[in-house]
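The structure is given below, and queries will be raised subsequently.
Residue numbering begins at 1 within each chain, and the chains themselves are lettered A, B, C and D in the order written.
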Amino acid sequence: MARPSPPSRSAYPVFTRLATRWDDNDIYGHLNNTVHYKLFDTAVNGWLLDAGLLDPLAGDTIFLVVETGCSYFSELTYPQAVDVGMRVARLGRTSVQYDIGLFAADTQTVAAAQGRFVHVNVDRVTRTPAPLSDTARVTFETLIQDT
Amino acid sequence: MARPSPPSRSAYPVFTRLATRWDDNDIYGHLNNTVHYKLFDTAVNGWLLDAGLLDPLAGDTIFLVVETGCSYFSELTYPQAVDVGMRVARLGRTSVQYDIGLFAADTQTVAAAQGRFVHVNVDRVTRTPAPLSDTARVTFETLIQDT
Amino acid sequence: MARPSPPSRSAYPVFTRLATRWDDNDIYGHLNNTVHYKLFDTAVNGWLLDAGLLDPLAGDTIFLVVETGCSYFSELTYPQAVDVGMRVARLGRTSVQYDIGLFAADTQTVAAAQGRFVHVNVDRVTRTPAPLSDTARVTFETLIQDT
Amino acid sequence: MARPSPPSRSAYPVFTRLATRWDDNDIYGHLNNTVHYKLFDTAVNGWLLDAGLLDPLAGDTIFLVVETGCSYFSELTYPQAVDVGMRVARLGRTSVQYDIGLFAADTQTVAAAQGRFVHVNVDRVTRTPAPLSDTARVTFETLIQDT
């Protein structure tokens, strides 16, 4: 099956460093494949919160996940921290796709895993898609990067 | 972005029923997007264990995850149990791709989410790809289904 | 250190059967110690939902956890399901303490772990303790059992 | 029910700062009660790894959890990081009890939660208790603190 090549750190304009946890390591002694998605979710929502684009308890709109994916290139292992690189790969009218790279903190220059994460902006109550605000759009554009 | 249509139960030859958990529901009151992958992992490995194709602690080979993905169509929510449908979508020399459908137990006939899960058979020690045994191949073929 | 003896199934008036998950097994090949608490949380809240005593999104009051504990007597391991036994050990004006036993489904008659789980009934908005309703009290009393 | 008072930071000789995750927040918008135990497990094992007292894959002995507990005093919430304070509360022949305090990073001087975590040193193969080595004992003693 065709597999992407692991990207380097230069593919991502911003990074978040996240701790791993003892129970992230599964019976094979490495981060279970589901943990990568917890890191994606945490880095993306953390960036949205920092940027003032998300108020999960009181905002008129929230972001729901409609599509995710991950290619695993090499193992990540607790207790090593992970640098999570992010860029905006695609900006739609109501949605945004992030490309994400996971790197062992300090040591890895080539990604251990590459993720895809698609958020749709929805009305909190009806949960129907809502256009991204101009503010959101301008902020997301700062994460777009040619690769 | 092009999105797949939610498959129906008839797309899957086997099903596993799994309980959801209180802490699966996130701040939005539904299964967090990472939980779907826990259900994939559990259903696939459970089937492998039942079929006698996996001994995680002592087998010469183990299955490592190299690619996963999920399209989310509708919400799943604790306390509802989930029926996890599985089929083998592609059988390679050393790898196997599963397509997976998640359905709210009893009530849903159209999938709430559709997953893709690729396992590579590797040597336990060297973790290099190893050909699937004839026994494994024959067993996996029972999960192939035209859709 | 003084340790309780593992209780038998007869110590619990009600049971819930819960599935375990692949990623519940940690690097030592057994259920990580934190998973036991997920099972407690799931069984207790599931019972409350079934009994009509909890509406997490719209009730005037909710139950918050103020104290938990667990004694581990023997290993539990995915893929085995777990029977979660529950009884009410103490019923206060605003709080309820559950004693919980975890047993490997079908096979174990003596608990693999014993838990303690204390819920306080609080006002949803102010999160200050609120008296249990008479209905709640009568329902909780059905879970009291001499041991 | 008698409840301990929340300890202050001065009760703990060492601290580890850990990130929280999006999916740590449950339907009530705060860290689910099970997450506290993940932080305990991670801080304790991380300290053991740093101190050279644990090799989970190859050591002759490993540490298994036999008893845990937590008192919850106030909410912790993603995206706030958590400072995990640790001390050794009791050092037995084959076991060690840690007392743990969780504090919202930077802001909290009084613990949001207090944990108890008991490890038994066991033979990797037989999983029967084994005496702590002199080296381990001396190292653990550096974490004892009058309170």
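We take it that a residue touches a chain if its C-beta (ideal position, glycine included) is under 8 Å from a C-beta of that chain, and two chains touch if they have at least 3 such contacts.
In this text, all values refer to a predicted model and were calculated from it rather than measured experimentally.
Counting one step per pair of touching chains, how few steps separate chain A from chain C?
1
Kindly list the shared contact partners of chain C and chain D, in label order.
Intersection of chain C and chain D contact lists gives A, B.
More contacting C-beta pairs: A-D or B-D?
By number of C-beta pairs in contact, A-D is the larger.
Could you tell me the distance, in whole angstrom, between the mean C-alpha positions of chain A and chain B?
Whole-Å distance between the two chain centres: 22.
Round to the nearest whole Å and give the separation of the Cα centres of chain A and chain D.
29
I'd like the Å distance between the centres of chain B and chain D, where a centre is the mean of that chain's Cα atoms.
Going by mean C-alpha positions, chain B sits 34 Å from chain D.
Please output the residue numbers of chain D that touch at least 2 other chains, ranges allowed.
22-23, 27, 29, 32, 34, 38, 41, 56-57 - these are the residues of chain D that touch more than one other chain.
Where on chain A does chain D make contact in their complex?
17-23, 29, 38-39, 41-42, 45-46, 49, 56-57, 78-79
Touching chain C in the complex: which residues of chain A?
Residue list for chain A touching chain C: 22-23, 25-27, 29, 32, 34.
What residues of chain B sit close enough to touch chain A in their complex?
1, 3, 27-28, 32-34, 37-38, 41, 56-57, 62, 64-72, 90, 92, 95, 97, 116, 118
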